[in-house]
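Shared between the two complexes below is subunit A, which has subunit B as its partner in the first and subunit C in the second.
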Partner chain A sequence: MAVHESWIGKSLPRVEDRALIQGQGQYVSDIRFDGQWVMALVRSPHAHARITRIDTEAAAALEGVHAVITAKDMEALRRGLPDSTPIAPPALAYDEVFYVGEPVAAVLADSRYLAEDGADLVQVHYEALPVLTSAEQAAKDEVVLHPSVGSNIFDAFHMTSGDGRDALQQADHVIRATLQMGRVSPQPMEPRAIAASYNPADGTLLVYHATQSVHRAQERIAQITGLDKEKVRVIAPEVGGGFGVKNGSYPEEALVTYLAKHFKRPIKWAGDRFEEFLSTSQEREQTHHVELGVKQDGTIIALVDTYYQDNGAYPGGGAMVSRNTARNLPGPYRIPHMHIEGYTVFTNKVAQRPYRGAGRPQGHYIIERMLDRAADELGLDRVDIRTRNLIRPDEFPHRTGTDSVYDSGDYPAAFAELLSLIDVPAFRRRQREARQQGIRLGLGLSNSVEISAGFGFEGVRLTLMDDGRVMLATGATGQGQGHRTALAQIAADALHVSIDRIMVVEGDTARIDKGIGTFGSRTIIMAGNAATMASEGFVEKAKNMAAQLLEAAVDDVVFSDGRFSVQGVPSVSLDWRALAERMAEAGEDPLTHEDAFSSGTPTYGFGSHAAIVRVDENTGETRIERYVIIHDTGKVVNPLLANGQVIGGTVQGLGSALYEEMIFNEDGQPLTTSFLDYRLPGAAESPDIEIHHRDYPAPGNPAGYKGVGEAGIIPSQAIILSAVEDAFSDRRLKLDFAPVTPTRLFQALTRGETE
Partner chain B sequence: MPNITLTVNGTQHRLEVDPRWLLADVLREQLNLTGTHLGCEQGVCGACTILLNGRPARSCLTLAVTADGSDIITVEGLAHNGQLHPVQEAFWQEHALQCGFCTPGFLITSVHFLSENPNPTREEIREALSGNLCRCTGYQHIVNAVERASETMRKGATHAVPQD
Partner chain C sequence: MKPPVFEYVRPASLAEALDALASSEDAKVLAGGQSLIPMMNMRLARPGLLVDINHIPELTEIHDNGDTLHLGALVRHYQLETDARIKAAFPLIPEAERLIGHPAIRTRGTIGGSLSHADPAAELPVLAMLGEWNMTVHSRDGGARTIPAEEFFMSYLMTTMGPDELLTRITVPKQLAGASHIREFAVRSGDFALAIAAAMVSLNGDGSIATVRFALGGVGDVPWRNRELESSFVGTMGSDALWRDIGRQAALAIDPVDDMHASAAHRRQLAETLLTESLHRAAEMARERSGR
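Entry: the complex of A and B
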């Protein structure tokens, strides 16, 4: 039996941090190639217009400017970007622009200062075209943005379970509502960035890329540049947050890589915050027309939902968000009959693509808000209607009717624990007393399932280094999650070593040939299991090598407590370091082994959240007094990091529940393009979150891991709107738009949405 | 181009700078101190915060020429002889960073704050950090870290706070 200590389950501070807290982390913006040119872009100031002429002479004549590129100059930049159907944006717009911020010309200069000077001198002449800013309006196809697609609705689907819409007839009551979510701009603290250097001597392209998936980027860049994939090396160095929007293709990726090869010059683009607001994908914007059929006692009979997603000017990745919304509509509740129609629609805004949650928050927002509506209309308690409809453990495996099979946990027990921690009756007393003094308190409750992974593979390559440490390479590039620590914990257990003997390298296509990346809370599930599998194969290879070096039969070699020894001869043994040394002496190639974990089975994490808010009726400001979470994270590798994910996600969600909304005027101009206009949650208004665990290992993967990255953000909009309504329950306030900013709350309170 | 003198993390530099260059760009591009990050270039996010003559300043809103003759501490100047500043140590232990991009600004702000208020409440810490944005952590662990650092420093950790 192994006697080594277990690293899995320990709250270890991260191995990543020593560099980061000393300013030594290297992000793309910190990369400087010798002789590099810096790119700035001329972006469209129109949401929809025809380009009639572009004058670049003045810019090109500026000292320090090396080139001014338009799509007219380079045919290749007119091609559609990879991975976008049914239509792809070009790297540079020619003929027509479809959103404010779309790149029209690229200026290459010695510095960003000079490149921006050049960009200011480029004159683009436009002829304005009709602008679409509403999905439901765009769906009428009075103006079709991309005639080759034929309709502004580029993705439409229907999903029916049970008796579908007909089942509404079996209900005692049908609750109807139109519920909306505004546009959210994800805003990682590091704006998007990419730098590339081409070596004409060997035809290789080295790319530093703030991306969530180096291997997918490598494939796209090979397509864009015409290079063989093997000639393109993509490295994601430190990536300053991603949240989904650093995944997939963007025009800047094509421009920097193509132009670096074309000019045989290193080229770098580090976007600024304004560009992040204009050109990085956004999310959440949907309008749902919902009907919920319920029995008198609150039992759900049927959910019927037709919704429109304002996807912006290009596909982006929005269809996945829309479809994942449908998948999440049931939440953790039993809904026997459903009919869902989703329409994903082009408008003249920047494209949507998956942002942390990616349909999970949207689906849960709808069912949770509808349960509140139903409870209010039937005179039931908002707690009781949830308890009545939560799926019980004896119902697992539970088919949701939307392609999910929930498999583990105990939702009612978690919810009950949450209620007892909150002490709802005591809160209700406090709420009544406070209200008499003019203080408005509200309680919001929400339950959510976090569906993670369930597709594809992720690989891990282990290599024994000369000093006996083991390098673990994976394509699951992180953006701050702490994979270098968590994956080291997993491998350390499997290889019976201390975690400082494992060096994790993420995000470098030269270290491992294949990978998918980090998104959808998949990395610990996929790369974590792969790390264990690869370790087993690695130990087997090491046993063979040890047998050879110790001149023993391989069947006699045992691996125990980090040492390879010959059975019956305990005095002769090799640890990893000795094995590496002996292999080097013998002239052997370094020991290496790669394995991948593939799985089509998602994991189903769970969370019960409660928020107590205090709303200032005069200013419309909502403060969070208390926020409690009961969470099922499955098997936990590092509780400190897992809680960090849940807290971080929850607070990020408070932004889209209370403050964050991209506002566009009727001309499609974004009006919220700085942190002054688009407000992120700050330290002063963010609460301390209490997390309690009820962890049930996932039955669908060997280690029992579940996703955790999106858990916190899923219920945010639902729970805060619920809580704010509860603060005004005496006025029967109904909120139908997230976020509930002070302005929107004031409007709801004064516009007669209360009784 | 004008010449200026900056003392950065104790080392004096004589630099030739374009009048329009931002102090952040001079630190990053000319002195290769890339730990100071540019998060918004609008003075809102605080990632670029440095100590300028002992006071926190947005290096993205400061023209380098206006900093002539000043004494600057950046994140690279917080540790001494390989020993982390108690605030750095606390950020590490409390998992107060994820992607790390905003972290240099938080560290600088926290170091200055604790020099003025060595025994703060959580509310005071949150108020002090309200000029720095973090998108990953939700702030809670950052507040924990500043609390922990204040305890360490009150117990008389040997590490000296960088002086202006």
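Entry: the complex of A and C
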């Protein structure tokens, strides 16, 4: 067998980078249709109010403004958006607004400037209604936001394993705490955007969409516009980050596509940063009332958790986040008995929907913080309590009690390796010495499992191009992850060609009929396996074609080192280019093959993180001195890109640990609506992150791939709170809220939250 | 985030600029645009007329006047950060500049813009108070007048300049004796500070205080300074205990408010911490400089 170069496993820089770095990437905001109208929206300034009247005349009269649309004008825009139960928001608010930023009227004009001038002139009269800004208050149903749902609690579930709550009686100690996570706004670098152009001649609608799933968008848009799905083409051009919030329906998607068809005019909406803060989904906001039952030696007996998720005004995708929180509560620890109650509650804020992690960080936050609390209360070491409860490799397959079956890896070995890298005894000495000089150092430790994929399918279509290159099309639309590099590496290996012979096309419904999209760390698992499967079928079809062209029996055709030859006659062979040329000469249709990978089995990557922080007691500032990760990504396609995912996720988690929080006042007004006030961590705030791999191929899929996109963000919020507490272990500091901003830490230290 | 309609003029001389300012009820001066342009894009500022002063050469001048340095209103942050004349005259300026925003902001932003914008959490207004800078302002009808720093800042984002007046020149008295230092606490690199403390100390031969000045930012509606409190320490022996005492007394004298970024108590503690450190470091440098 001939040897060809293996592209899988190489740390290749992204093939995408050159164009993006040179500013040649085409994003939705770079799309300009001839004669397009630009949309700006009149958004609600109230968190909850009745609309009593809307005056649009002045706006409509403005030169350059073509139309001002309210829900009164078009029945279709009053209907609920697709894919939202038990209630769906309308494209435009009809008689009531439920959050600040909810669209009330759409202004179509020649430019965004004029559209905003028009929006300024629309006068909406409101009658204020009572505002709900706390989930636990809203859960009392004193005011019910959506009477058709009957309650503000629109998703409630109970989950019990083992003896449930009763098992607390078997524990020597029950540790109780109320733990909270603040609301975060994911803020991809490119705000949401969509542009659509309708061709009345053939009844087709072309949509450029900053979305994570072109095929799901295609289905929704067909529903909204009443067009057949086949008449709607959705293309995701370059997309500048998604993190989950560019997945699923939004009012702007319905408005742009419906109005483009209605007016037979291309329409574009490119959201700005302010709109991204007001109207794009947010996440993380939960309050947990937790009880952890432990034995004297720290062995976990039972976890009982009742939590409330402040979901905002509509479902969004929040119930999935809440349920995934439950699934992640055990983390990598053995918990024989559990009772979990989760309540997802409407309030007057923008809706929650899955954001990178989507319940994984929340669940891990709870168990990790409770282990710290238990260790502190029992006088045990925070290291020892983790080691004692980590699931061992001989316990696989391990049923968590929350619908997961962990299958691979060695959690205790990874944790032990982490501890030795950190050299915990040496750190403790340094910590003591530093404390004597008034310098506070703290160590945070955390273990995590990343549950990825486990549902649906993803397809890959391969097509032989005239020049012998192969086009790989997939519906797994990327948002900057580097799919065009990683999927090309996989296909290059299977087709025995150099990576530059593969052209990956993501996110175009015209290139592949079916697809699901990129979210939940699924693309390499799903589209990666599909690429290998499609390549196998593609090679078989190519062999048939080669047999025909070489006038040989198919069984005699050998594919080796990128060439098709007849067994015993190695001098006569065709490579992909020759095959393409000969096919073209013979008048054959281009060779193409599509296959899909389906799997109901999730992958279970894992990791152990350690952070050393230095805290300034006088200012409340926390600086991260060192951050070390032991990481399992299964079979790795491109270590550079995989590590990029881990680092990016970790830093986003650090943001939610130290800086990022959407603050709303009692009237439901968001106060942190610019990058001045909503603080994302920048380069100066990001530590150097050391990553050490311990990769265990996933047993649940042929290639052994595991998810990696959410790995970093899962533990990196909890770990910082843990480390900051450790810096004040002599004062028994307890932190119950993330992020721990300087002012929050100051309050915790001065308000007697220490003993 | 697009501004509403506005008129725009780009005068080539001071006289033209003053005419333009006098011609409109709601004119605004465009210098570096680092605050005004975002505010216009958010439609929080809606000037009817924008007077772009970036093409008036005399506003860019830096002039050494012996005891003082004259800085034109258009001198940009990066010049304040790097110009040797400025560093020699008032070393605290380049020190403070490193705390201001990011390089892109410092490339565009101007000294006149920062002072006229009068953000109490900005660095230059604190230095203006500490260094007793004088602001020269011009108007078409009123001619020129000079406003000392302590009369210049009125409240949050408000100065005592009239709507038709243009800040043209900042007169910075040279720091002749002692040493100075500035400290601030910002949540992230480049953020507006939660609190700023600047101090200037000169010592007598015996180590007692000859003069001491200190100013705070971010703790009220204008930069804070209290000369009476300062003079009460003259003649006292400089020591760590004294710096702590001054920090404490200043923290008690200010009246910060709670906002979403920091509680009043936190700001008070920051002011105390930063001022103590600032005085300590300034005194240390003053001692080094005089060879003691």
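Going forward, the second predicted complex is superposed on the first by the 754 of 755 C-alpha atoms of A that agree within 3 Å, B and C clash if a C-alpha of one lies under 4 Å from a C-alpha of the other, contacts with A are read in each partner's own complex, and residues count from 1 in each chain.
One rule holds for everything that comes next: a residue touches a chain if its C-beta (ideal position, glycine included) is under 8 Å from a C-beta of that chain, and two chains touch if they have at least 3 such contacts.
The structure presented is a predicted model; accordingly, all values stated were derived computationally and were not measured.
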| task | Mind working out whether A:T750 is in touch with subunit B, subunit C, both or neither, as first, second, both or neither? | result | second
Practice prompt. Applying the touch criterion given at the start, work out whether A:E190 contacts subunit B, subunit C, both or neither, answering first, second, both or neither.
Written response: first
Message = Looking at A:Y113, would you say it contacts subunit B, subunit C, both, or neither? Reply first, second, both or neither.
response = both
One more residue to check, A:T741. First (subunit B), second (subunit C), both or neither? second
| Given the touch rule stated above, what does A:R273 touch, subunit B (first), subunit C (second), both, or neither? | both
First, second, both or neither for A:L676, with subunit B first and subunit C second
both
Query raised in the report: Now for A:Y659: first (subunit B), second (subunit C), both, or neither, which partner does it touch?
Result: second
Counting residues of subunit A touched by each of subunit B and subunit C, the higher count belongs to B
**Asked** Should A:G620 be classified as contacting the first partner (subunit B), the second (subunit C), both, or neither?
**Response** second
- Message: Let me test your reading of the model: by the given contact rule, A:D726 touches which partner, first (subunit B), second (subunit C), both or neither?
- Response: neither
Footprint intersection on subunit A (subunit B / subunit C) at 113, 272-273, 674, 676, 681-682, 684
So, in the complex, the side of subunit A touching subunit B is made of residues 13-14, 16-18, 20-27, 29-30, 32, 111, 113, 187-191, 238-241, 243, 272-273, 479-482, 640-641, 644, 647-652, 674-676, 680-684, 686, 688-689, 712
Residue set of subunit A touching subunit C in the complex reads 112-113, 116-117, 120, 272-274, 618-621, 659, 663, 671-672, 674, 676-677, 679, 681-682, 684-685, 741-743, 746-747, 750
Given the complex, residues on subunit C that touch subunit A span 1-5, 38, 42-43, 185, 187-192, 194, 260-263, 265-266, 269-270, 273
Within their complex, subunit B touches subunit A through residues 18, 20-21, 28-29, 33-42, 44-45, 47, 74-76, 78-79, 84, 88, 91-95, 97-104, 107, 122, 125-127, 129-130, 132-143
